[in-house]
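Input: a single structure, listed below in structure tokens.
In this document, chain identifiers A, B, C and D correspond to the written order of the chains, with residue numbering beginning at 1 in each.
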Amino acid sequence: MSFPLLTATAALPAVGAVATAAVPAAKRTAAKWLALLVSLATLVLAGLVLARFEPGGDRYQLTESHSWIKAFGVRYELGVDGIAVALLALTALLIPFVILAGWHDADPLETNSSRWRPTQGFFALILAVEAMVILSFEATDVFLFYILFEAMLIPMYFLIGGFGDRAHAGSDEKAAAQRSYAAVKFLLYNLVGGLIMLAAVIGLYVVAGNFSLQEIAQARADGSLSMATGTERWLFLGFFFAFAVKAPLWPLHTWLPNAMGEATAPVAVLITAVVDKVGTFAMLRFCLQLFPGASRWATPVIMVLALISIVYGALLAVGQRDIKRLVAYASISHFGFIILGIFAMTSQGQSGATLYMVNHGISTAALMLVAGFLISRRGSRLIADYGGVQKVAPVLAGTFLVGGLATLSLPGLAPFISEFLVLVGTFTRYPVLGVIATFGIVLAALYTLVLYQRTMTGPVKAEVSAMPDLKVRELVVVAPLIALLIFLGVYPKPLTNIVNPAVQHTMSDVQKKDPKPAVEAAQ
Amino acid sequence: MNPVYYLYLAALLFTIGATGVLIRRNAIVVFMCVELMLNACNLAFVAFSRLHGNLDGQIIAFFTMVVAAAEVVVGLAIIVSLFRSRHSASVDDASLMKL
Amino acid sequence: MSPTAVHSLWTTAADPISKIDAPKIEYGQLSPTLIVISAAIVGVLVEAFVPRRSRYYAQVFVSVVALAAAFAAVVGLAAGGYATTKGHIAAMGAVAVDGPALFLQGVILLTGLVAVFTFAERRLDPEAHGNRVDSFAAQAASVPGSDSERAAVKAGFTTTEVFPLALFAIGGMLVFPAANDLLTLFVALEVFSLPLYLLCALARRKRIMSQEAAVKYFLLGAFASAFTLFGIALLYGYAGSVSYATIAQVVDGSVRTVDPALANTMGNDALLLIGGAMVVMGLLFKVGAVPFHMWTPDVYQGAPTPVTGFMAAATKVAAFGALLRLLYVVLPGLRWDWRPVMWAVAIVTMLGGAIVAITQTDIKRLLAYSSIAHAGFILAGVIAMNPDGISSVLFYLAAYSFVTLGAFAVVTLVRDAGGEATHLSKWAGLGRRSPLVAAVFAVFLLAFAGIPLTSGFAGKFAVFKAAAEGGATPLVVIGVISSAIAAFFYIRVIVLMFFSEPRPEGPTVAVPSPLTSTAIALGVAVTLVLGLAPQYFLDLAGQAGVFVR
Amino acid sequence: MQNLIALLVAAPLLGAAVLLCGGRRLDRSGHLIGTLLAAVSFVIGVVLFSDLLGRGADDRTLNQHLFSWVPVGGFRADIAFQLDQLSMTFVLLISGVGTLIHIYSIGYMEHDERRRRFFGYLNLFLAAMLLLVLADNYLLLYVGWEGVGLASYLLIGFWQHKPSAATAAKKAFLVNRVGDLGLSIAIMLMFTTFGTFAFGPVLHSVGDAGEGRLTAIGLMLLLAACGKSAQVPLQSWLGDAMEGPTPVSALIHAATMVTAGVYLITRSGALFNAAPTAQLAVTVVGAVTLLFGAIVGCAKDDIKKALAGSTMSQIGYMVLAAGLGPIGYVFAIMHLVTHGFFKAGLFLGAGSVMHGMNDEVDMRRYGGLRKHMPVTFVTFGLGYLAIIGFPGLSGFFSKDKIIEAAFAKGGTEGWVLGGAALLGAAITAYYMTRVMIMTFFGAERWRNAATTSPDEPSAEPAAEHRGEHAEPHPHESPRSMTIPMIVLAFGSVFAGAFFGIGDRFLRWLEPVTGHQEGNSPVGAATVTIATMVLLVVGAGIAYLQYGRRPVPAVAPRGSLLTRAARRDLLQDDFNHVVLVRGGEHLTRSLVYVDHTLVDGVVNGTAASFGGLSGRLRRLQNGYARSYAVSMFGGAALIVAATLLMRAV
């Protein structure tokens, strides 16, 4: 039994969370540093995972397996394939930036209440989320995954509801009301999704008799476990519903704009760049593997919904007045692309979708965090309150622009590759859908450039005339992300090497092959 | 005569008691109706005991009486204390807690 | 009726009484019950003879020791194999000593122990005239607001009778799930109900409401037990016996028909069905299932909070134990008749409880409705009619009772001038005032809501899994939906505590004595342990999940 | 030798990186670094060119494979370059003209505080443009394609504090995105058709694919070309793009970037040859645009806008030629190069004029400037003669060939296209003469015009930095600006002859594009003479209109056509009404829908549960007896149900 690397990767932030929460009220800064160090250490562990993972090797590597709840046939089973590794790395990578970006977000406004320790809570919760997300990427036991999938809602809920954006249009009470509304909406949407999934999980157990992803998938593959078509479809729908809420897929998306709008920028990044990825990841890992038949059956509908998400999200992004809500709707559009890629059932589509998850994580983080810095300076989320910022804060404007260009997936930046792969993958199987989806790139350009023009260009508004440019801390947050965007845009091979084999497995799970080019087909 | 009639009588008494519980306001009366229901049960026991030709039913009847007595003690205690604090034994007046 | 029968009856009665062989009672196996009951009697004597000053300590001592001893006895019996292999019917077929019985008795005893802690808490209320006071009336007999009451308070009287009462109730509850004939069932029912009626009336604050609660509980309870009794009568009429075993045999038709004279009653299904339904109804009343639930909110609200916690936890355990035994031992041959009905009851109970709870404004009523919804979930497991059904229900009861006790214990801490501040609006911003208490309560709420990593989730999962395996998939789906609805109001409370600004005139959080702290801590511990590593307890429940017949 | 290719791109890219990340400390040296690196890449270009010349005509193709870029399943994209005669031509044009304009900008942007960034953007543009023409597969070309788009976005909006500039930049990017739509769909189609999108494989296996698919691909490529090269219907952005600094207009929106579409079509020649329908579409677009641009050019009073119109129309010529297939490709490119020279020269001239005139752009406030800025006058004049195709100058050779080729298309198409081309030539002569006269001849209308009038906002707010708003006193521009103009003037004079005489250019390019002589119904001589006549006519009309009578300082109302042409023939208004307004309405209504419908359903469900709860709550009325009733009823129900179960 070698060193349980995967467990360690998840356990470290969990322990760190407890430790951070335990830091006494006065020692606020200590808590911050502790959290930052823990997250960096986690990043190192994630790097180890990345190093130990052999792209060519078994499907699941670094596996661990211990008995947990025999009565439910539940085991503590971990293992990572390429997709999981990529997302795990992404999570571990983003958290330090999130923490650093949120450095002052949770400083208590009033210092009188000594027992109330928001700062410690804030960073502890972030670490808790990290731990749960990482473990959910590693879990190869359906029950274990489900538990984390549900449990991570609670810390997220407190992060959204407890530490709202201080730059709020309305009064404090109004802000608090909207914030708790957003938090409750987030929780209820995902809880309902999760509970419906619970029914499906139980059903799966009744059918399969255990929860081990590998065993069940194996049994499905060699036909020793056959499900009635109806049953399989119901179970699939149960699982997919939960993931579609999390992802989020139209029309289950409305919680996201509220949540991202009301939460602080780092938390918003946590939501859309990290937590939501669990949903799309789970579609790849669970829906396709456990219910290949049903997945094929549901594909047309899902593709159409994804398409609607793409266009609809983009159009609504154009119509937004609030910077963060705009980014939220943009994310909805992007999640549409991801889901489109997953269910296109082509290697380009699914590799593209996986890359998309990673790249979208990085690009949204860049854009959202810079937006957060901007908002924290002016104290308003309304686009209309800005103008001419590039004149007074060129660096801020520049980074913002790069983030925006990444969002509209400009060639040369990472998102372009994933988006193009998704489009190609879709196009090869569903040309019409592919073409319609391609219109998304025009809309993306529209909302991004409109946002940039209204906030950064034009005559300098009086309120922003004294706006300071990015501080060192903030540069340290943004610069690496941008560097990463460029690097992955020019040389994504390390990523594709890891992802491709995993995608091949998934493709064989659903018994699909890439369509042949017309010319070869002709010959 | 056929002891089955006793059963009908028992059922009748039970129903009367139940109805009384539903329609009477005074707590004491309601309580007496409950007692009536218990006694209806006793009658049924005894009648069945006779039918089956074993003594269990009759024994049970005694148990029931004891229980009923105990209930009287507790019940009266509660009702009286209520009556003393609100000078009314109407069950409908006791409706502070609702919704 | 034929004269011969009369004659035989007469002759049997007329026989010269030769000798009655003394009934064989396995005192060892009944020891838990016996210990508790005798302790209760001792408690009565204490009331009679120990000077008032030291009664409180004496009573607490007696009850705690007795409960601990009884629990030790249960453990001993279980270790002695009575829970599994040696399980059998004791006391001339009156009481079963088997897995479910012992498991539930253990749970009830622990619950009772914790409840006694909360009963004994006397640091929450401000001292009256230099005397520490607990949450019970100074003198139950004195009229609220009267001079006599004031005098009693001044004299520092306390109703130490609550401890023997609680012990009697616990005694009854111990027998209830173990009862193996209908008579014992009925007696046990009354033995644990009557003390509860009294306990409800003993609140120190808001006495009028407390008395009202007692009256409602008493009248409705008596009404329900009358139904039960009549049901028992009918069953007796059907089978000619009240012993579970015999009735079961008759139901299965495996018993040789007695003399033809009885043919018209013996095996008369109308009697069986009506009787069975009425008995079950009595039990449903105790577990608070719709439509027999309506006493629950009022009584929970009116009763002194420690008593509420005790009732909510222990009564449910005992009643569900009895219900399980009745359905699994006596009426399994009848399942095709009662199952659909129980389905309906379970559904309306889950949905009703969850929906009505949404608009509640009083925390105690809220918990009452949530307990109704939970009764529905447990019923879903009861209906499963398979071994998993039994064990899952046992596990759920264990998990649920501790969460409930803990939650109500927390409720006792949040106080303002008028005693406990149970109106939800007063809980606003509690998280800011005292994060710890709020966090603990949040844990309990999440457990109620069945969020993973809490005992609530493990229990819910077990129950739904059993139900699904038992083919009750629709129940599972509805259960899932209603837990979604339920989640809404649990979340509402959490929002209130953490995300809304504290009121200036808001309540204070009293610092409890070690007693209540233990209760709460135990609740949290059990919630988390059963949530994270339920395996051991699931095994326990699994082994215990076999009834002796 | 081929390992140098990457350096072509790398040098300016490095410059861009250094200048944009370098920060203020580079403010003083930035422009020099930028110019140097541009020059470096030009030198490398020359070296490679000489190397190519040293080889045989048919192995003048160098390849450099850097690394595999996106390998996923059958999808293989590499970072790899291909340098053949076609790309070589572009490399020289881009880096050459680019370097000149860098030099020019040193003087032009002297007073701009953000000059460093300006040069950074210019370098970025060079890198992207070179990548575009050097890529050996369509996906990499796409990167360059969008890269130049980005650079043009940044440079058009360089003076971002002006809303008009920011808007123009955004518009340019968006319209180009629509074009990119075409390019990406074309690439997908190629992938599904050929399983690859590298030039070589695709263009060689064209034969195996069905014509339907090829036509589709061709049309998509055409869409892309329209976007980038400002062809109808995606031409609207070019006019606004003049918001950018004049060197930008010269380099990007005259000489190089806007010709990328022509490159794309020529590069995909083999594919178009196999898809006649697509080819026809290309020619039509070209013909329409060359007239459209010309007409617009006649009406504009803003000198840069007038030149923009002419650019549009000249590129129309190239596209037309490219659409003609093997008979046209070479001439398209040839015209592209010569146009690169004289149009860049013209723009730099215009810039120089504005430089001397306090950034006044309205020609109606010019006049008689030839005395004040002789160098500018001469270079501009030579450019003018070149563009109208004065015999012997570059324009003459390249444009003439195109017109011939158009006729050579044969059939009615030939006549129509040829006619259009001829007409275009006449109009060109007209509007260019107009520009020439209004600027350099006639009365000095700027004397009494004290300052730039508010209703005509100056395009170049750098004026604020240049200081005085008093009466302009025109002066010749500094050396750094005049020298590039002179060099370009040389180009516009001799390039055509150099290329045309003895078909040098033809023989150089033929191996790549292939060539065949068209059999023109009308002889070459006829075409030439016809062109000359029309040229004289056009110029003459212009002279009568503007040379003889004084030019009014305020534009007369003018004919319907004139007014329409001033507004770019109303297509902007069309866009505004249909796309912008319509889009706004759509998004607004969608926001409403999202809030009320999608969100409303959920909130509604929650609310309905609340209401139900409120109603059920009433049952709990506090009366013990009603509770008893419910119990009794429940009991009755249960008993009845149980009995019923047995009954059924």
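Quick note on the criterion: a residue touches a chain if its C-beta (ideal position, glycine included) is under 8 Å from a C-beta of that chain, and two chains touch if they have at least 3 such contacts.
What you see is a predicted model, and the numbers here were worked out from it, not measured in a lab.
The chains in contact with chain B as well as with chain C are D. In this structure, the chain pairs B-D and A-C differ in their number of contacting C-beta pairs, and the larger number is found at A-C. Averaging C-alpha coordinates per chain and comparing to chain A, the farthest chain turns out to be B.
Rounded to a whole number, the gap between the C-alpha centres of chain B and chain D is 97 angstrom.
Centre-to-centre separation of chain A and chain B, using mean CA positions: 65 Å.
Each chain gets a centre from the mean of its Cα atoms; for chain A and chain C, those two points are 46 Å apart.
Chain D has its Cα centroid 81 Å from the Cα centroid of chain C.
Looking at chain B, residues 18, 21, 30, 91, 94-98 sit in touch with two or more other chains. Among the residues of chain D, those touching two or more other chains are numbered 606, 617, 620, 622, 624, 628. Shared contact sites, meaning residues of chain C that touch two or more other chains, fall at 215-216, 219, 223, 227, 297-298, 488.
Chain pairs that touch one another, listed by label: A-C, A-D, B-C, B-D, C-D. Interface residues of chain D facing chain B in the complex, by the touch rule stated above, are 617-618, 620-625, 628-629, 632. Chain C makes touch with chain B in their complex at residues 1, 5, 8-9, 140-141, 143-144, 183, 186-187, 190, 194, 197-198, 201, 207-209, 211-216, 218-219, 222-223, 226-227, 229-230, 232-234, 236-237, 240-242, 258, 261-262, 264-266, 297-298, 301-302.
Considering their complex, residues 606, 609-610, 612-614, 616-617, 619-620, 622, 624, 626-628, 630-631, 633-635, 637-639, 641-643, 645-646 of chain D touch chain C.
Interface residues of chain B facing chain C in the complex, by the touch rule stated above, are 2-4, 7, 10, 14, 17-18, 21, 27, 30-31, 34, 37-38, 40-41, 44-45, 47-48, 50-54, 56-57, 60, 63-64, 67, 70-71, 74-75, 77-79, 81-82, 84-86, 91, 94-98. Partner chain D is touched in their complex by these residues of chain B: 18, 21-23, 25, 30, 91-92, 94-99.
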